[in-house]
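Both complexes shown next keep chain A, but they swap its partner, so chain B is in the first and chain C is in the second.
Let's look at the complex of A and B:
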């Protein structure tokens, strides 16, 4: 078959670059999810709604004449506190329960957030213009919006910052200890309650950064959160829990995979193909697991 | 425990009170004709829901002020019972049931969006309640053989075929190469069908035919393809999200196309959100204030727009104008039927042939308005960056000349 992408070599490059830039941004959201899932064993369905709320913060800054790029600093600060408040009000009551309860609780938060955002900001689709222009390569045949490059750059910066923070800081070490064994950490004097609150806060802050970036690269709308939740969920599943470099890799490769699926199978199969890949990976995992010899540790 | 009991007693007392005191409205109470409407006042359609409600309210006030509706030698005034359908089709259908069977409403106004109209239409049809709707354009609404559904707007498949015909005319009558990207929802897919028809009719060729996901926020891949194949016309329809995403990414990726046609520019506030980047985009619209249709109630589009702005503080989008027109249609039908018998009012509606400030209204067998063409406007900006929508087609109402082809990004 004569696929356009193979006839025009520059399209291949465009697809790879677009996919990478998109994937990096998604990886940032997935990063927060992986962290909180690993530490607290909570799958946060409201992840995407936190992203959108972060986006609205940047959007309102833009409305009041402040460049939306500052949103990547302001939004995480506000969102950190939003995260801590959500933890104190709801999450701390479900943190030790089984996964299903936490899914229900965060699903409720998600609906509440959607409606509140709709109520507060209206149902219009909005965006913030960064005015960053475009980078053109190879005589304008490959174009990269600078806003996307900026987003990817900031995402990488925050991801690296987080890894260093987790390794070097006291709280970071406490978070890792809690993730490994909450009970042992508690016995050794780690205030796990505080660790959980901070983890949820950090996750919300990462969502805030991603939201601000999304408001300048894509569009935001109160009901647009769920796709971000699903995407980050998939990235985490593909990467495996507690595998932060894996999250970055899986984010980027899913981004590129999606772009290629779009060119080869058609836009309508873009999302579907990612799901298909997810199923294949899960089946493969299961297959590998079943071949492992089981023994009591 | 005691407090809990008191609360339970209190709540049940209120519930009983409410359940026994539901007043059953008749269709006509005293000198009032009561219409029912489920409108999206919350949820994802709430902005357009409010535009719809404002349009209805303005027309009700205007008709009432100007003498109301004369039926059987008596003068009646319009009144509307609203319920919030929360932008949810199931809820809309429930509310339609409630309006008809509990509130006793015998004439309905439509909700916002094709999806919700589709949910309500079977209910109104079942009870034989005439419904004039102003915001459901999906073609599938008009192919189901509904007898009590009347839409003042042109069906979705006619939204953009004017654009294709204009492009073909500008190409010396020869077919053009079309790239299209449509969201996968009932409305946008209907617009797509219209383009397919137009392409066949004009001998045009469709070279890209992308279906965008509902959670669309990125169409970079589609646009990269467009850059590679260089079509004559790019058509995009995906509600406000689609319009905003397309303009943002076309500008960012410097995609040069001679003609860009889309829907929902009004609702997306394209020129406000994107400024000069939205320049030259062609947009399909049901109505524009500069059209010269006239009626006795709102005079013409410009007067309607000025009055609307005075009342609500913003320029009326076409969703408001068509909603106001729905009331004019009802008034006309009641007066011609000269009775409140639902069947006779239905027949009178079917025989409607009138002009309103919004356009001519004449219903086809399926209930769609066949006497009002769509208009195309083009976003035009001055040097200071102030942008305006100017009607460019059909030529009869054009207030500006179409700028074609769109200048290349490198020359802007």
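Let's look at the complex of A and C:
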């Protein structure tokens, strides 16, 4: 085997570390996906485009001379309102309908966002330079940009904050009640319409945080949204709805998988390998489930 | 001679005469034929069987690459052709071109159908949205992977063999128009024949309730795979012709173009009316007219319009044109209507 990764063992460590830090970001996006899927029974294909939009907010702050790390605070606030507006215009009309309708409608939103961002921000690959420098480990053989550590730290902070918010606050409890049984929640006085809007807003805000962090650590581009959607979908189906440790674990494994695919297959197959992994996971899941069905018979 | 025969005859005559009546629109008419084929085949899968797929683009792109590769590979080394400028060094004689195209089309139709049959057992076991997302993933993965394979041109694309020098200038457009029109007629007749058999009823049973269909003793998996293979067959054929028509194949922008063709075929079938024979035809025609108008006059805004169109159609018009007509004039669709009951329902509203 003449792959570089087997010749230089330190690269393995590098790939694992990169993958873990990247995977935490994926997990944050996937958490938003799981939230809206669990509460509203909607699969949002535009998830990745919300991420990219959040990234562009941070990038613009960087262009205007504000440190892009502040995007972590500004971007979710703006994205929350973007999410609520999308909910009011489109999503509330597809909530109770067939799942394919919601997939197709959000696919339309995704195409719309892609093109609008392409107009507004141009088709260049951009990144917001945070100027955080790099940490060198093991005699400079493993490099670790500080921005990646920063982004992982912020993601964990937001995830923990959200978990506490969902447990303790009134809105959080209303959201969980609606997820369990929307009709019963309605009877007990929960304004489910408001809960749905808030859920979608929170999801968009999470995407905003993740996007801002991605624009600091990696790069953003108007057409890069769909892979993020697919990644978060994959993480959610592997972890299951409402299983936060599972989401974190599978997010980080996906990150590591991607880094290794990058080193072994080459960068041009990176996105392709993500989509192929999705197909493989779904097929595996289908055979596992069908075995269970036979067992029940 | 009943009314239907006259209608079909008129459409056939119009189809044959169209390139001579509108000589400037030959390419557009060919693309329209391809779009109709795609919409009809999507409808077999999504409308009749209820398996909404984004992945038929896989077979379309596969057909495109296969047809072009066979057409080149039969006479010249494929690797050198795609290396760069192969179309300048190697020239197909007319006989070679047509021979290669015919064989290429046959391969482009059969191989995707076989592939659909092979992967069908694993993929078609998925239900509902899992199936939709899985096929979406398949289409994108195919695009990304084919963009990394050297022998079919990788990132720089694949120039299909240029049309050989025949004396007449108009020959290229006419050739591709009649190719796509003949395939369209063939597709329509084949699907119409399929729809008049028990097979269609089985597909509808799967759509309405798969578990019950299985309980009634239908081997649903067998029928689902056959349905998908039919879809793949015609998608591959359409892709092969489209590759020759466009003259240039790029992995993500032409062949596995999920953002354009992959969405178009879903949208056209839904616009016309899912689960009807004529719906996709009407939907594709209307969509093509709308699209060309928009693409020409509002260049750059086309995807914005497309996104808005998808959202509007899906939310406000999910039944499509045929569904709307059916609700309005149920008698025309052979449904027996109790007039008193209908009036009572109207007043209730």
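In the analysis below, the second predicted complex is superposed on the first by the 250 of 297 C-alpha atoms of A that agree within 3 Å, B and C clash if a C-alpha of one lies under 4 Å from a C-alpha of the other, contacts with A are read in each partner's own complex, and residues count from 1 in each chain.
One rule holds for everything that comes next: a residue touches a chain if its C-beta (ideal position, glycine included) is under 8 Å from a C-beta of that chain, and two chains touch if they have at least 3 such contacts.
Everything numeric in this text was worked out from a predicted model, so none of it was measured.
After overlaying the two complexes on the shared chain, residue contacts for A:49 are found with neither chain B nor chain C. When the two complexes are overlaid on their common chain A, residue A:115 makes contact with chain B and with chain C alike.
Of the two partner chains, both chain B and chain C are touched by A:266.
By the touch criterion defined above, A:226 lies against chain B and chain C together after alignment on the C-alpha atoms of chain A.
In the superposition on chain A, chain A positions 115, 118-119, 226, 266, 268, 271 are in contact with chain B in one complex as well as with chain C in the other. The touching residues of chain B, counted against chain A in their complex, run 42-48, 87, 181, 184, 210-213, 215, 217-222, 224-225, 227-229, 239-241, 244-245, 248-249, 252-254, 268-269, 273-275, 410. Residues 43, 90, 93-94, 97, 99-101, 103-105, 107-116, 118-119, 226, 230, 233, 237, 266, 268-269, 271-272, 275-276, 278-279, 282-283, 285-287, 290 of chain A are the ones that touch chain C when the two sit in their complex. Across the complex, chain C meets chain A through its residues 52, 122-123, 125-126, 128-130, 132-134, 136-138, 140-141, 143-145, 147-148, 155, 259, 263, 266, 270, 300-301, 303-304, 306-311, 314-315, 318.
Put simply, chain A touches chain B in their complex at residues 4, 8, 10-11, 14-15, 18, 22, 115, 118-119, 122-127, 129, 134, 136, 140-141, 143, 145, 147-148, 214, 218-219, 221-224, 226-227, 259, 262-263, 266-268, 270-271.
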